[in-house]
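Presented sequentially are two complexes of chain A, the first with chain B as partner and the second with chain C.
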Partner chain A sequence: MIHTLILPILLASEPPTAARLLDSLEQQSRLRSDATATVRLTQTKAGQGARAFALRWFRRDSDESFVILMDAPEAERGNGYLRSGDHFWMYRRNTRTFQHVNRDESIGGTDARGDDFETRKLTELYAQADGKAGMPVSDTLGKVPAWRFEVKAKVRDVDYPRKVYWVSRDGWQLLKEQAWSSTGTLMQTAYYLKYQPVEGRLVATRMLFVDEFEKGNRTMVEVDQIRTDKIPDAHFTKAWLESQSK
Partner chain B sequence: MLLSRLALRNLGRHRRRSVMLGASIALGTAVLVTANAFAHGISVTMFERVIVWVAGHAGVVASEVGNPDRQLFRDGPFLRSVMEGLPQVKRVDEAVAVFVRALGKGRSDNAVLIGVDLKSEMDEKDRRAMEESFRMLQGSWTDLDRQGEDIPLILAKEKARELGVDSGEEIRFRFSDAHGAYQASKGKVVGIFQTDNMFMQAPIFVEISRLRGLMGYESWESSGLTLVLHDPVREAGDVADSLHARLKPRIATMQATTSGGRTLSVYGLRGDSAARVEWATRYGVPDSLLTRKDLALVGSGMGALNPDTIAIAWPARYGNDSGRAVLRRILPVAGLPDSVILWREEAFFRSWNGVNPPRPPEVSGFDSTMVSFEWNLPPRPRTTDEYRKMLANAALTSAKGPTVIVYTMFEAASDILKLEAVLNLITLWAVLVLFFIILIGVLNTLRMTIRERTREIGTLRAIGFQARQVQGLFLLETLYLSVVSCGVGVGLGYAIMKGLSSIPIHLENNPLGMVLVDGRLFFSPTTSGILTAVVLITMMAVATAFLPSRTAARLSPADALRHHE
Partner chain C sequence: MIPATLGFLLLGGLWGQDIDEDALFGDSTVVETPSVGWPAGRMDSAKAVEVRFGGVLDAVGQASWKEGSLSPQADGLSRLVGTGTLDVRLPSGARALTILELDHEGTPDTTSWALREMFLDVSVADRVWLRAGKQVLQWGRGMLWTPTDLVNVEGRTLIDRPGAREGATGLKVQVPFGTRGSLSAFAPLRGVDAAESLMVAVRAEMVLGTGEFAVSSRFRRDVPWALGFDGSAGLWGLDVQGGVLWLSGDPQPRAVLRQGAWHLEQDDTRAQVRASGGLGRAFRIGDVPDRLRIDLEGFWQSEGYGSEVLKDAVRRPFADTVWQPLDRRLVDGARSMGFPIPRGIPTASGDGLTFLAAQGLFEPNRHGPLYLGGMASLAKFLVPDMVLSVQGVTSVEDGSGAGALGTRWESLHGFHLQPLLWVFWGDPRTEYVLDGRGVAVELRSGIRF
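Moving on, here comes the complex of A and B:
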């Protein structure tokens, strides 16, 4: 009880190090068990209006497996993706065929890519940025007090070589994330709008990704029906994916 | 000699008939020569002005993460030296290109950024071909070399229209660089060109070193290279076979030192299921560790080292950095030399790619089914389907070493070659139809001519000419007439080609536009093509004259003299 009361105060008082914040973000995003969820993406493209995608998502990080089943739009319904170890397949319902795809492949016509589902450690990819920018400083997002800090990529095969994070001061939840290119162009801003407790942890369930390069493009991601029950091994097979798409 | 003089005299005496018949033969020759030059022109245009820009005559594609659009080979100088050493190679070009989202003035579109090497050692012929293929309406190619913050861009007028930009205006881009990171940049239009090749309307050209910088290539890294050959049709296959043999990979190994100063050879341990069974059985690896992608097997005699972690460092092949890594999941096993570490290839190649070590020497002693190679080199594709399948299968090796594919234009640019073959076939059929119509006319005329001269044959036979001499006389007449007419026909063919190639043709957004050069039909007459046409027509004319002249020569002088039409 005391711990519950004091920890947020301790967390909120002194600026933590960027390394601790990064480590915290990594811990929060790490799946400790299997996870199942439904995801709804509303993708708005400049001059093209909004397009809704719905998918069911089954993920098990212990052996790097996941299955995605597309439910909407109609053109994508029944299609799916299966990742099992090094293999990453796309299933097309119309042709009833599986095809190997690479990690850069778009998922179901959305802006999400195969490598978005890879389980690489944040602390292995990013480190505190040089100079003052990397030092966490106090900031406010709306009325929410936050720590702002910048990180730089330690490796070259990341989506963005530079990021700026805003995390809440009272629980170190990620609130906002800016992604920058190596040429110093702001590429994307992500807003983490809503969190939901799942097995004692807060999980982001509503996120808005704003394309800063092509103004007017944005994607709202809403995660629902999160469950952490063990997923049967049979789910991560071609046969199961095919059976679900009928 | 007598027969020759008589043959020439006869041709002169029957001037009108000779002229009419000769004109037909000349027309047939001209059609054949023109069509042959047009068909050859299509091939030349395709091989020297289209395929060169699209895929080269042969080349090497290297990709690291199974994405053929993300091309990266870590040892560019090695790749270039392998390719430049081949005698058939006229030029080695670096193929730097990337798909981009381009934003112009209020409009956006997909495009391809292509690097242009202004320092490329093009000969005058290639330079002229480039200038004719891309006719500059504004600016010039040298404007790509302008220094400054804004990257100079040259694009087709169609693409400029789609993006709503004109010379001097800005275009912004978003794309994934060679390592998969999103990148953004902007450039300024310094040139606009017109092209008849609709495939060349999509690219936006930029100076190659600027593009390499944006793509995140180090100076020693390459995107893959294409070859321009002296004789592409004949040499492409052999060159690709030679390249394939020269690019045989070695077992990947890093000579690393530990923090304690020990020297170790670090190998990549293959992670596919067959290999896992092999090394798990050999070294007694428990099942719980089989799927660990950071597992490192060390000899059980390495007890002096820290049992939990091993920090290693290795020199870089290029650049000043040295590589460093910490191996955390160590499993001492029996049967492995103390100077060797077998590290799961996923982790091994992450370090290998981070700082490329010097090229390993040829190593033997390890079972090659267990350890990784510098790169995957699938067998050379023989068909387009095989080539596409290989590119798709590269996705299977996403976490491991690079995949290197050696190709020729016959697999990589087969669609263009099919178009060339179809156009050549259409040309051949059109020519055959036209040629036979003319030929039938010529043959009929020859037959009638000989028939009309039956009484003359009778006179010749009556004054002592043998049948064989009479036949020889007619064949000589046909031969002389054909040779002279063919000569005239060749000249006429050149005149037709000059006339047709002076007519400007506008084929916008039409694939057939790529057979045009400088907006005009392109003819490429060859000596062999002309000689073939001349010999073919002459032989056919003489062969046609053979039968009626023999029939006429065999008539008895009395019958021939009594002959009336």
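Moving on, here comes the complex of A and C:
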């Protein structure tokens, strides 16, 4: 979600390689400082209307840590997520338990997942797809010129083995991401609509996740009140997360 | 540039329709000017006293077709269980939390309430965390069995009962060491009337490699030593967890049949071990990641009771008079009229189960030496928000068991519906059929707010 402003604008007209784009997206997503923000998720389900979620988000890339703490609605308030390196804990306030797992989960049952709020390890997980699909080609999203290219999973432990990216041509910001299943079904489309510069980086501040499997289910994510103050170590502990919950 | 709110409203109008990418990216400016006037102050602390209330209201109806119950059982029940949570936070970070539960049974027509939790939270410079009062604690590991949990008063069950878990009264101190681990201590205070009866349980937790591990113990004068070890890790795509507890002697009295009578015995030198282990994995089904989740768990204890204790139907004398609990309606009636609450009904003889139960020593799911349990859940079953689940547990010692097959559907706004089919199997007078062998159909519905 975070992107540097130092980008090869001069190369905008020539297609870069997919490997270079992937590497750029990964490097751009790594924060130099801690980040704190409030996030509003608006989830819409077919036939059920919309429901708003609010959460607090604390991120520290120097040791690959983050904390997500649900603030609303009341039924979700107090549920939380803590990542530290390879460790991921989900705190469920109703059972008062931390579940320790080595993978990500959806946030509050929405289409947003834990890895949407942290550094993207793209080059570890994905590589340029075979054939022409993997070659970046010129495309346009609305009024924004973009490079489109496809990647395939390098490892088995990914949610989706195939993805298609649209990256803006003038800044190499991620604009759109399609996630495909191994059987060729489009499962999710994510749109990264707006970014905001913060201390030389760009933070994605408005995203839309579209569940293509369950038509009509969508989640809008809006990031606000971004700050880069140093976050106290205590925040990245189960004790703090539990104290903020119940 | 479209202001964020306007853009959001624009997108809101598009919901329910196909995505119009031209509208989404109708503005060629992807990078916005940063907002100004970020609020001062730390985001993690409230700026004024914050009072919040929430809760759950569950309605439960059950009809059963069972035989062979050892006690009179109604074929149906209806209950309403309401749980209210009051959370008060001060700007300093201190807070108080109270969870009250109100339980109304249709047959018989009784209403009772329980204070499940009430505690005060204070931190010292975000380095030491204190929680004083009645509380459910993070202690041990496991879904059904947590042998190293030396402090909580209510264990986990196959399917969570409606309402909140009962807390343990005491003082907890926790000192985290960054993300690497933490030290915790808990002193239960229920029934403590002198320094000699004070107990302290301690737990050190740390992450190592891909695992999280903990060592725990407890200390009390004239009580056997306890040493526990538990851990969880991701291995070969599996979530692996387990725990083992060593005790230097009986942690509580045991029921023993000697010379034709039931006695209570406590041997402080009878060393024993309790252990649990579990494996879990999520599977991709129909292109949906983690749609199917399967977990298996087992529990073993070296000093579990054999099946003969429950099977013994002979009425035998008790070495000491035991007090059988009174019917709750009698207690409620006496309390409402201001009468003293009798201790119970003095009983001088009975079968093994009566002796165990009256002494508070019968623990379902933890009575015998060996248990196996399993659970599976399938998300997006029939409709997107419905989960199909099947759970089962069996006592290997006596072959009895219980299982539940059900679905749970929860709407976007917190209404839930959960039909369940229970099955209880086993020979007469075995652990899971003490209330009868057969089936029961249950329907739970409720709201969270």
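Some points to look at:
Note that the second predicted complex is superposed on the first by the 194 of 246 C-alpha atoms of A that agree within 3 Å, B and C clash if a C-alpha of one lies under 4 Å from a C-alpha of the other, contacts with A are read in each partner's own complex, and residues count from 1 in each chain.
Keep in mind that, in the parts below, contacts are C-beta pairs under 8 Å (C-beta built on N, C-alpha and C of every residue); 3 or more make two chains touch, one makes a residue touch a chain.
Since the model is a prediction, treat every value here as computed from it, not as a measurement.
In the superposed model, A:Gln43 lies in contact with chain C only, and not with chain B. In the overlay built on the shared chain, the residue A:Ser243 is in contact with chain C alone; chain B does not reach it. Of the two partner chains placed around the shared chain by superposition, chain B is the only one that A:Val155 touches, whereas chain C remains out of contact. Which of chain B and chain C touches more residues of chain A: that partner is C. With both structures placed on the common chain, the touch criterion links A:His87 to chain B and to chain C. In the superposition on chain A, contact of A:Met220 is made with chain C only, not with chain B.
Shared-chain residue A:Ser181: touches chain B and chain C both.
Of the two partner chains placed around the shared chain by superposition, chain C is the only one that A:Gln196 touches, whereas chain B remains out of contact. Once chain A of one complex is fitted onto chain A of the other, the partner contacts of A:Val101 extend to both chain B and chain C. Applying the stated touch rule to the two superposed structures, the overlap between the chain B and chain C interfaces on chain A comprises residues 46, 63, 85-87, 100-103, 157, 159-160, 181-183, 185, 187, 213-214.
Within the complex formed with chain C, the chain A residues making contact are 36, 38, 42-46, 48-51, 56, 58, 63, 65, 73-75, 77, 84-87, 94-98, 100-103, 105, 141-144, 157, 159-160, 168, 171, 173, 175-176, 181-183, 185, 187, 189, 191, 193-198, 202, 205-206, 208, 210, 213-214, 216-218, 220, 222, 224-227, 232-240, 242-244, 246. Considering their complex, residues 4, 7-8, 11-12, 15-16, 19, 21-28, 30-35, 38-39, 43-44, 52, 54, 85, 87, 93, 95, 97, 99, 121, 123, 126-127, 129, 136-138, 141, 160, 164-165, 174-176, 178-179, 182, 207, 210, 212, 232-234, 237, 239, 241, 282, 287-290, 380, 384-385, 411-414, 448-449 of chain C touch chain A. The part of chain B that touches chain A in the complex is made up of residues 65-67, 69-70, 101, 103, 108, 172, 174, 176-177, 179-185, 214, 216, 271-272, 291, 350, 354, 392-400. Against chain B, in their complex, chain A makes its touches with residues 46, 63, 85-88, 99-104, 115, 153, 155-161, 179, 181-183, 185, 187-188, 213-214.
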